Amino acid sequence: MVRTIIGRVLSSLLVIAGSSVLVFVIMYLLPGDPVDSLIDPASATPEQIATLRHQLGVDQPLYAQLADYFGKLLRGDFGKSLLNSEPVLPKIIEHFPATLALAAASALLSVIVGVLLGVLSAIHRNRPIDVIARIVGLLGISMPTFWSGILLLLVFSIHLGWLPAMGSDGWKTLVLPAATLGLIGGGFIVRMVRNSMLEVVNEHFIVTLRSKGLSERAIMYRHALRNALIPSVTMIGMLVGEMLAGAVVIETVFSRQGIGRIVADAIMAKDLPVVQGVIVFSAIVYVLVNLLVDISYSYIDPRVRRAA
Amino acid sequence: MEPLLEINRLSVDFHTRRGPLQALSEVSLTIRQGETVCLVGESGSGKTVASKSVMRLIDYENGRIAGGRIRLGGLDLASLSQNELRSLRGKKMAMVFQEPMAAFDPVYTIGYQIVETIRRHDSKSKEDAWEHAVSLLDRVGIPEPRIRMKQYPGELSGGMLQRAMIALALSCGPELLIADEPTTALDVTIQAQILQLLQELKEEFGMSILLITHDLGIAAEIADRVVVLYAGRVAEQAPTAELFARPHHPYTRGLLDSIATLDTEKGEKLHSIAGSIPSLTALPNGCLFHPRCPLATDKCRSEAPPLVARGEREWACWHTEELLKTTKGNKRSGGLDAASTAVPPDGALTATSPSSSQELLQVEGVRKYYPVKGSLPGRKRAYIRAVDDVSFSIRQGETFGLVGESGSGKSTLGRVLLQLEKATAGRIRFDGRELTDMGGTSLRSARKDIQMIFQDPYGSLDPRWNVGDIVGEPLRVHERLNASEKKERVARLLESVGLDASYASRYPHEFSGGQRQRIGIARAIALNPKFVLADEAVSALDVSVQAQVVNLLQELQEKLGLTYLFIAHGLQIVRHLSDRIGVMYLGKLVEIAPSHELFLRPAHPYTKALIASVPSADLGAKRERITLQGEIPSPARPPSGCRFHTRCPLATARCREEEPALRAVDPEHVVACHYPL
Amino acid sequence: GGNGGNKSSGASGGNGAAGEAQSSSAAPSAEQAAAETPVQGGELTYALATSPDTLDPARSGLAVASRVYRSIFDNLVVKDANNEIKPWLATEWSVSDDGLTYTFKLRQDVKFQDGTPFNAEAVKFTFDRILDPNTKASNSASALKPYASSEVIDDYTIKLVLSTPSRAFLVNLTQTTLGIVSPTAVEKYGDQFGKNPVGTGPFKFVGWQENADITLERNPDYNWGPETASNQGAAYLDKLVFKIVPEEATRIGSVQSKQVLAAETVPPQNIAALKADSNFQVLQVETGGLPYTLFINQNKEPWNELKARQALQYGVDIGSIVKTLYLGTYEQAWSALTPSMFGYDASLENSVQPDADKANQLLDELGWTVGSDGIREKDGKKLTLHYVDGSPNREKRNDIAVMIQQQLKKIGIQVDVEITKDVATKVFQNDDYDIYGNSQVNVDPNALSQFYHTAAPGVLGNIAHVSDSQLDQWLEQAAVEKDDTKRAELYKNVQQFIKDNAVILPIYVFPYTVAASNKVKGLAFDSVGYPQFGGVYIQK
Amino acid sequence: MRESATAKALLQKRKWELPALRSSGRRFDLSRLFAAGAVAVIAFIVLCAIVPQWIAPYPPTEMMTDSIMQAPSAAHPFGTDYFGRDVFSLVVYGSRDSLFIGLMSVVVGGLVGGTLGALSGYIGGRLDSVAMRLVDTLMTIPGILLALAIAAAMGPSLTNIVLAVAAAAIPGYARVMRGQTMSINGRPYITAARSIGVTRFGIFWRHVLPNSLSPLLVMSTLGIGSSILAGSGLSFLGLGLLKEIPDWGTLLSQGRGYLTVAWWICTFPGLAITLLVLAVNIVGDWLRDYLDPKKKEA
């Protein structure tokens, strides 16, 4: 087990390094210049711009910038924003909790709702409950988030005034964004759980359980669900990626703090160190979560534990 | 004695997309207390449905009891609600299934699953239930039961799991135990252990057993009474001895005849039942068996025979009289020839003495090691020694049989011989050419002469290709033929394996298992190969169909001068087909001998044990069992010295230390044992 | 001479009274409210449409940043509604005859929020810091031009030396980017001063949660407000919290759901509903400078020809665009300057009317004939117009492009609209556009030189690439002309020239629009439209 | 006689029972109905994309500036937008680009990802490790960020949006295809083909590939939906494209500011997206069941 984890961590490091190189290259290829947003084009002279570019180091060739970046990264230095010289790491650390809260809340929401609906849907296959659950699930994955977000906002905060429209302080501000984002995750999980439930129900061991005289309730919730959850757990790991991505839009719609907005802004402004930092950071989170998923996997599924 | 289970004119329907489907029709049977009843019949005959109907598990599969009654100890099972049934299941009646691996929930420990059952029915404390479970595991012969309790199903071998399954079934002291093919998925040696266990337990617990099997040998060994099902109907039922002695139904007769017993000779034609069991959606009129029956008359075709009861027996046939006339004692020679396929069993084959002809395939010191996954770099690599230093040769025109328990390396050896995998070491010469040195194009062209027939007739056919393309693929690869030539060749190939040429445009899933295997055989012989490897080519088939395929293989060998390497775990079939047999144990070849010699005078204790574990349908020969204890060890950590010493009743200190070499006890008979028998 | 007589830039040429917001709520307006007794205390939450980049006046280029730090920093002088320069941190000033030195007397009772005393050193520090290239203060540097150096005469007197005379210099000193910063704080925070700004303003900085909010609190010592402010003393509010809410619907929603008390940049379509609601007031103030203007690139054919440009002038129905998109909430622009600017030529209003026939005729004259697909052609080339606009769709500028595309199609011009994030490369580096729109908030008409002089400074430069010696001469003269009447006349010539030569298509004058709860009283705006929070109070 | 008192008691207390799981069987089959409806929706949308002029009552670009933001009426079933364009006509015409984005991103992403996955799964070894590390790497970067960066890098054009969305989808396809290829590669019929002497490429082309495609096909169907959504997400973030006839994502994103004053401007494009994605997903689900040999045999 420990061995596997070490192996995983090592290969994860490779992956993280890879993703940051990749982002670096993409960002390097972006046209435009971080300097543009630093300088008023109305008055700046080409010399000024050249000086500024030199100061920022963006006039260096790609490999030199990369080497410089990794040199610093190894020393734990994520660099400074090109735009306002703010150090990147504290910035990410400042904004990450809000995104984490959002991602966690929506993951929780989607897991609870998704599993519940998925199980009901599978148990009551082709009955009204199933139809409703499937439609809810499908809607969740069929609506553009910014649209569903704004709709929720109109209803719950403007018309009903129940919940705040924006901000990132307090649990109340979390409800609408988490619901919007959770809708997608929930949608995926409903489908996943339903499918795997239906598959598990056809497994031989279900017949054994019935032949033992267990109640349907015990069979469904104690046995079938646990087996059906195994594939869904992987899904939850992947969902973290989705949630981080979804945060970009959701945080803008609900004016929440978070790394989603930072990175979107930074991409537009070509603020490379910030983009890099966020990507490396979220890659770490992604890898970590998936590592956790793998570990928790072996708790849910003894077959995996043995293989490890 | 009061019957425990009484099934009376039971009919079962399934609701399907295409409407109702009658899976059982008017099936009656009774089991008395302490009695063992066997339900036999070909695949699809309704054995499982019958057992699930007793448990009323068919309710969960869109099934419905359409008529008849099932009484268990006075309770009318057919009319109980699921809730009421639930308190009976596991308590009064329990079930053991065919696939022990699939029958346990993989994510809970064995202990949890047994305790769960106990506590469902008995108001025992957790601790008491746990202790009870431990004692049950101990009773069914699981070593270290306390450790096993905490293990997950995936951590136990198939044999262990089946024991655990039996313990689970026994946990609440059921009056009726239903076992649906409990040994089919297991090795012969393990099968013998399990059957013995069941018999012991029956005595001890005073249960009744409804055992489902397609192996008449098993039925002969343990059943008090046998019920033969055909297409959802009872064809015949009778006390075991009577049934085997004087079958009253041509179907029973056919089944008995199809079994290649240990004493059938190589080259002798096996008796088979023509055709295959009809689909429930397209049942014939009249007697359901008439399309396959050699005695069928117009009456059979128009009118279904009633079930006639006489004494302990029941049967449904219009022509029992005639049938009985053709039976000579309990010997199955002669039999009902009408059903056998084409070629007459003349002496042409036995005339050739294989020993004199030249060697086609020579294997020298072949090894195949698989690295164990997940070992850290730096540390010494661990290997699974699937095949370890095997040498033998196969002569032109002979059939070489290879037997051994599961995991002994038979398939691996086969794949290496065919160069589907590279040997770790050793040399293979085929027809004078070194296969091990070949690569790329030369190997591909050499493949023309070496072909293979697979165990899983379905899996080995690409589901997206039609039969014509599948059979024609070797032609496409190796011969430049135009479309019409190819079509012509495919048609001839199909005909030569007894299939209609018009099947070429159909897809694999439209065929029965036996037919699929014929397709596989047609593909293998398409290029007129010299050598064919058949890896468990008939294991997945029903006995009656097995006989058909075996006959076909023999017929083709004769016509095309083929050389076979026949891998199987069914010893009867191997014996019937092979000139010489090699026995493998844990990657090693432990004995090679001409087949009659091997069965007559096995020199290796393992061989002897293997032979002994085979159930025999020959009632007269109920012999004392030398069941092999324990299970095959892991090839990653094979025992020192003689690999068999851990299970060998004769093992000495020498066996533990010194590895025996293959040596001749006879010119044609070699064995690797320090103390050959 | 060092008396205060030579004070301000004098005569007002503008007609707009930008100092006061034009409140248009059904409820009592802000001015009326100001007459009531202000309530001390409370907190104003104010939703911003974008996030400031930095709160360092020297470094920020964004209007939104100015709106925030306007309350943190004070300037030496202030411009009133009549474009006159009035004292603020400087009590009086004099200009040398050659126009090269400005001597300021400073207030002596002023302290920075961190306790540092305000004095001539601080002024010198502020301006020299802007010149220092390490500060990366390009925006404020251009506002400070042609400042060369300064000399501290005594603690409260400072002499600023220019490299060339400039009539715009004094006015520019009113710009937020030239707010006076605390030298000790700059020393202390260095690079991070923008996240820890310290000035002398009525509010002091408390905290900034990026992308969420910026919190300021009352500077209790403040009593040096300029005469243009309704409250020269300490602010009434205890706290001022700017929330950053980029999504329009959310921003308006947060006012409507009372999560914030005020929100800026209300989209036109929401104004009517808010106005109709008695719980809210809508405040609008025109921003001064250059209106949103489409520049026609004279480097590109056929737009180098006057007739082609005139065809655009007649072919585009700006009135209809402004009416359709802004629903009557924005004014159509007629000139290169906004109406509130000194030197604005009001006679240009309504001087150009859309006339498709005339446009067609002009194009016909140039030899562009209508092809089978309705698009004009000449020598096998289609008449296309490459219209570049930035993203996001700020003030519905992209929508303008879409409408112009349809309008010009009618006179046979195919408009290729390109919306790009990367305007800088597209427009300023590659010169790859036929039309590009821009606007500028400014305080002095000298801004025209930056856009229309042949040798316009900076990368942005002369977007239209207009080059005319007469025009250059007018602009140069106006930059130093001491006589305001003459100066105004020169600028009018410039505006006339621009219109006559169809250099640009002026589109709209941007009104800064704020929606606020009726409880918010006393919200006023300075001459360029930045909110002044010192006089704001929350009615209980 | 073992008949016990408990059994008698049992017979008396019949109770309501938990409904058992039933396969679709005799019941009126909803998923088929869903699938039929979904196919109809898709067919109509495709028709809109091909011949919008037959369906739309107005030219999509016509700006009736004197009747802006009209609520839905007989003349304008979906109302008019802030330019005075007929929203229904816009939605009809907008289907073309939306479908294009959805389809092409899936084609491009599926082709690249599928090829990568198939080769990596089939050839294995070092290629596989390298390819999978690459895919892992792509996986760690949230798709929309990748799309955002690419769209920002290349500027907004239909092709670039397609490429951006496709790039983000590549790792998913690669993973699925690799897994499928590997599983197919282990089937006995592949061994059979090898034993016949079919070349490596022949096996790949004739056996592995055709048998691996169905999950990819299912995934692609579902991918159409997510691509359309991803495209609209880009529009929201300001990287959409501005064409004379906007796609649905752009319509929705541009109209969202009018939700409180003229709900119809963005509601109908939004519904169109949702409906299409819904339909595509339903068809995808159905296709999955249909192509699943397990379910087919049952």
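Some observations on this one:
Going in written order, the chains are labelled A, B, C and D, and every chain counts its residues from 1.
We take it that a contact is a pair of C-beta atoms (placed from the backbone, for glycine too) under 8 Å apart; a residue touches a chain by one contact, two chains touch by 3 or more.
None of the values given here were measured: they were computed from a predicted structure.
Shared contact partners of chain A and chain D, listed by label, are B, C. Interface comparison, C-D versus A-B: the higher number of contacting C-beta pairs is recorded for A-B.
Each chain gets a centre from the mean of its Cα atoms; for chain C and chain D, those two points are 46 Å apart. Mean C-alpha positions place chain A and chain B at a centre distance of 51 Å.
Centres computed as Cα averages put chain B at a distance of 46 Å from chain D.
Distance between chain centres (mean CA atoms), chain B to chain C: 89 Å.
Among all residues of chain A, those that touch two or more other chains are 31, 150, 154, 158, 215-216, 252, 268. Multi-chain contact residues of chain B, defined as those touching 2 or more other chains: 60, 82, 87-88. Residues of chain D in contact with at least two other chains: 20-24, 152, 155, 238, 256, 259-260. Chains touching one another form the pairs A-B, A-C, A-D, B-D, C-D.
Residues 18-24, 27-31, 133-134, 136-146, 148-150, 152-153, 155, 225-226, 229, 232-233, 236-238, 249, 252-253, 256, 259-260, 266, 270, 273-275, 277-278, 281-282, 285 of chain D touch chain A in their complex. Note for the complex: chain B touches chain A at residues 52, 55, 57, 60, 82, 85-91, 94-95, 97, 99, 102-109, 116-117, 120-121, 152, 154-155, 165, 168, 374, 376.
Against chain D, the residues of chain B that register as touching in their complex are 2, 15-17, 59-60, 62, 73-75, 80-84, 87-88, 175, 415, 418, 420, 443-445, 447-448, 450-452, 454-456, 459-464, 473-474, 477-478, 509, 520, 523. Only residues 51, 53-54, 59, 61, 133, 136, 138-139, 141-142, 145, 191-192, 194-195, 209-213, 243-247, 249-251, 253-254, 256-259, 421-422, 424-425, 428, 440, 450, 457-461 of chain C touch chain A when the two sit together in their complex. In the complex of the two chains, the chain A residues touching chain D come out as 11, 14-16, 18-19, 22-23, 26-27, 29-31, 122-126, 130-131, 138-139, 141-147, 150-151, 154, 158, 191, 201, 215-217, 241-242, 244-246, 248-249, 252, 263-264, 267-268, 275, 279, 282-283, 286-287.
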